[in-house]
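Both complexes below contain subunit A, partnered by subunit B and then by subunit C.
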Partner chain A sequence: MEVIIQIALNALVAGSIYALITLGFNLLYSTTRFFDLSYGAIAAVGGYIVYCLYNLLGLNLYAAIVLGILGAGALGFSCEKLIYRQLRARKASSAVLLIASLGVLLVIQSALAILFTSQFHIITRDLSAERVFTIFGGTITEVQAIIFLSAITIMLALGALLKFTRFGKAVQAIADDEEVANVVGINSEKMIGIVYFIGAAIAGAAGIATAFDTGIMPTLGLAILLKGVIAAIVGGIGNVVGGVLGAFVLAAIENTGAWFFSAEWRDVIAFLVLIAFLLLRPRGILPK
Partner chain B sequence: MEYLVHTVVLVSIYAVQAMSLNLLIGETGLVSVAQAAFAGIGAYAAVVLMTIMGVNFFVASLIGALAAGTVAFIVGIIFLPLRQVYYILGTVGFNVIAWSVFLNWNEVTKGSLGIAGIPRPVVFGYALSENAAFLVLCLVSVACVYGISALITRSSLGRVLHAIREDEDAVAVFGYATTHYKVFIFVVAAFIAGYAGALFASYLSYISPTNYIVPESIFALSIVILGGLGSAHGAIVAAFLLVVLPEVLRFVGFPSELAGHLRLMSYGLILIFFMLYLPKGLFGKFRI
Partner chain C sequence: MNNTIVWVVVALLAIGGLWWLATSGSGGTPVQTEGPFKIGVIAPLTGDGAIYGEPMRNVLVIAAEELNAMDAATTDDIELVIEDGKCDGTGGASAAQKLVNVDKVQAILGGFCSGETIPSVPIAAAGKVVLFSPSASSPALTGISPYFFRNYPSDSKQGEVLADVANKKGYKTIAFLTEQTDYATGLYNSFKTSFEALGGTVTNEEFPTANTDFRSTITKVKAAAPDAVFISTQTPQAAERILKQMSELGYKPQLFVSDVTMGEPELLMKNKALLEGAIGAEFVPDTANAKLSALMAKYKAKYGKDMPYIGYMSTTYDAAYAIVDGIKAVGYSGEALAAWSRTIANWEGASGATTIGANGDRVSGHKAEIVKDGKATLLTL
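This part shows the complex of A and B:
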């Protein structure tokens, strides 16, 4: 019984990180119809900014986190402006955009490896001061609880932003039909820039959460991205609520599987989930 | 002289890999980010046969290539019918999983320790332990694969593949089962990549999972993009340029770890640059 509770708690924490990635990815994908493979690397950059500012330079933790999120957002925004927008302006095919995003992934990943080595880094905290909560026999650390609550807050905030503001309506219009949105006076390029900033900032938050929870290394970006995209496909690609649901479903299956077999096979299990969904229910749990 | 031979051996092996990938991207328009995974399957299968059962290199590499082809068949029938972005994502995911299996299947692959003491090929009782002798085998391999790809390109099969590249729906309307053609060429490409992997393993006499990470697949992709889509000789020239480039970095005096990261970064930059300004590559016949 306690094992089940513990698995559920672990899945909740992992799921909230996946949900953040999925959220940002779905936001970008539904607005631009572009599968951005560099998205995970941007998440890793967020984590590394906090690691660098807080652990190496001794900056205040909250300031470091804010700068990490903004830094990731700014990086995503610049990639969009310098590379992806140019390609879209040339009516490049989706394969061209995808290959370019692989290039961006490789550049960011190797830049991180040059700056911080390929080793594993974890944002170190004072472990003795950290509180541990016990819920029905399962344990969750304070940091994990904060990660879960922040993820829920970000999800609700983004949901409200998209649903209740003029900005959200404009994004929805671009997602439906970019040309028509332009005709009615929406500056789609500017909106896509903002969407990129928000999406990349959310990725940065997920990267920071990962750096606190399990630690980061330069190659982790790709792994984070795959989890996020698999969750998006499980939930129904482009469906924001479905993506969040998919993230928790994926995390639950993964953690149960990791308990049955062993933690190394976690990624393999996630990939099998992807294959199962693509074959049996390609439009996801909640199709759009 | 020895150094020159070493370089030409590397160029030949990467050229074989790149020509196999060119059959996919260049001739059929299928971007794949899993060539390193298939090279790894070929390499591990051949190496296990050679080191544990003492099988001759030529038989072992053939079985390794068949193993890569068989896995490609399964991966292909799952992912090739899907929309392009899902298929590409599937290849990326498959490469991550293949690497994870190489790393964790300790009984067979010896995990991150890798397998050492891989023998060189033996021809009529004469072992190709001299690099110059091994070079001959590599050049013969390049010639064979060049011949195979010329044969495929000029045959009626090649014309169907080109038609799929230009407009898959139109080809399907004419009654061609396009998925069968795509699966076939996917398996052929994986077979050749598997052979290249076995060749590489025998040359280095040591393999470990890091030889088969996603960036290595992106490396193969950047060779094809640089050389130009649909051009087998472009792939050979580009393999030469991209193998020599890191050697230059080392000559300039960068330490080898930094040179390794700069190598990957330059491949990423090449992808971005060519997608932006020269999507046809150096000798390409068309753009994706």
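This part shows the complex of A and C:
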């Protein structure tokens, strides 16, 4: 019994990080309709900013986290403004954008490796000072609980933003048809810029969570992006709640798999889930 | 007509080559009985490996000067012939070719790297020249040839030493968390072989290097409640991640760690609460050893900097002394030295007591250690 609860909690922790990645990715993908590979690297940047400010420079933790999220958002916004928007203005196809984003991914990864080496870094706090909660025999740390609550909060906030505000309606309109949206007076370039900032900021939060939880390295971006994409496909591309649901389903399957098989099968299981969904339910658990 | 000439030339070359091969071994030339004896050295003198090759050469020069300064009754004079093995296969092979066939040495010290040593072994063996490495640690060299031996323990030795400790501590089941790399799985295999021979059981959870979330694997190990958990990773960072997640899951088993973790003082200090009581095994010479401290002082005086890689340099220094002892005992013949190498037992040097097993490996060497208060200290059972 204790084991089942512990595995469920493990899945909850892993799922929270996948959920954050999925939320941002879903928002960007459904608005711009292009698969942005650099998104994962931007997440890693968020983690590195906090690592640098808090662990290396000794800044206050909360200030570092806020700066990390804003920094990742600003980087995403700049990439959109300086690269992707220019390409879209020239009517570049989504394949060109995909390759451009691969370039951005490589540049960011290399820059991180030059600045911080390719070694793993964990944002360290005093482990003994960290509170550990016991729930029916399973344990979860304070940081993990915070990560879980943040994922849920961001999901609710983003859902509300998209559903109940004028901004949300504009984003929906762009996602449905950008040209028609422009015709009715929506400034789509400005909106996509804002969407990029929000999406990248959420990615930054995911990167920070990863840095606290398991540690970051420059090449981490692509790995966490892939998990986020699988979660998005499982949950339903473009659906805020579906993406989060998909993230937890994926994490639950992975962690149960690690119990029955060995840890080496973890990624195999994740991709089998992806293939199964693509074949049997391509629009996900909760289609948009 | 032209063909005939070509064939005559080929035949002459072949006969000449065969004659040369037949006479180039020790059988063809009379055994040299008086010094100075030529000792070949294969060391990485260029490229990245030069950081090892340079101190190796420096230490051998110190040893040769000391040996040549002693009087003839106690020792023989030696002359070093140093070749660049470049820390790779081709460099090692051409260095060995030159030493064996041109300089006609009977003994070679080196190579430093496993990579330059492995291809040198068949060349030395074909020329009946003994190859004595002070540092190559690949398990692939164990028992490779009667002409090869080393006074640095094989990487696999670690597993044997730790299996013995686990057995003496009364542990019956050990759970491994093994990274999927040659080094880490090699350690697992050697531990498993030894520990199962002692009647214990070993379970293994392998993970790819990219894996960062170990929680459910740790949960699984925790539920199985083994007597101890062995963290076998390629790098200290991977071990650190596992330790952190173990602590978060409230699991504090008896730990075993590999020498990559044990040899990282910063990591031990940073995670001292988690690692308290963890057991590992490393090859560490005792710096209180009089020969080693004298060597370190001499190195600093002669080269103006601290001697790096104390473990490797202590065995390098010993290698020069040991080979001269061998020549004194059985004469300057590769064949005789190869047979003599397997009789080395409790030979006292800067790296402690050396004993060479029948497979050519240093028998002892890895010492069991335990983490106490963030420091690796020798384990006494």
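To be clear about the criterion, the second predicted complex is superposed on the first by the 287 of 288 C-alpha atoms of A that agree within 3 Å, B and C clash if a C-alpha of one lies under 4 Å from a C-alpha of the other, contacts with A are read in each partner's own complex, and residues count from 1 in each chain.
The working rule: contacts are C-beta pairs under 8 Å (C-beta built on N, C-alpha and C of every residue); 3 or more make two chains touch, one makes a residue touch a chain.
Note that this is a predicted model, so its numbers are computed, not measured.
Colleague: What is the contact status of A:P282 with respect to subunit B (first) and subunit C (second): first, second, both, or neither?
Modeller: So A:P282 only meets subunit B here.
Colleague: Check whether A:I122 is in contact with subunit B, with subunit C, with both or with neither, and answer first, second, both or neither.
Modeller: The second partner, subunit C, only.
Colleague: A:L59 contacts which: subunit B (first), subunit C (second), both, neither?
Modeller: Neither partner.
Colleague: In the superposed arrangement, does A:I253 touch subunit B (first), subunit C (second), both or neither?
Modeller: A:I253 sits against neither subunit B nor subunit C.
Colleague: Could you look at A:A223 and tell me whether it touches subunit B, subunit C, both or neither (first, second, both, neither)?
Modeller: The answer is both, since A:A223 touches subunit B and subunit C.
Colleague: Between subunit B (first) and subunit C (second), which, if any, makes contact with A:A74: first, second, both or neither?
Modeller: neither
Colleague: One more residue to check, A:E264. First (subunit B), second (subunit C), both or neither?
Modeller: It touches subunit B and subunit C both.
Colleague: I'd like to check the shared interface: which positions of subunit A are touched by both subunit B and subunit C across the two complexes?
Modeller: Shared contact residues on subunit A: 223, 264, 267.
Colleague: So in the complex, which bits of subunit B are touching subunit A?
Modeller: Spelled out, the residues of subunit B in touch with subunit A are 29, 31, 33, 78-79, 82, 84-86, 88-90, 92-94, 96-97, 100-101, 103-104, 213-215, 218, 221-222, 225, 258, 261-262, 264-265, 267-272, 275-276, 279, 287-288.
Colleague: Provide the residue numbers of subunit C that touch subunit A in the complex, in ascending order.
Modeller: These residues of subunit C touch subunit A: 180, 205-208, 210-217, 219-220, 223, 237-238, 240-241, 244-245, 247-250, 270, 273-274.
Colleague: Enumerate the contact residues on subunit A facing subunit C in the complex.
Modeller: Against subunit C, the touching part of subunit A is residues 2-3, 6-7, 10-11, 13-14, 119-120, 122, 124, 127-128, 130, 132, 134, 139, 141, 144, 213-215, 220, 223, 254-256, 258-259, 262-264, 266-267.
Colleague: Can you list the subunit A residues touching subunit B in their complex?
Modeller: 35, 37, 83, 86-87, 92-100, 102-107, 109-111, 113-114, 219, 222-223, 226, 229-230, 233, 264-265, 267-268, 271, 274-275, 278-279, 282
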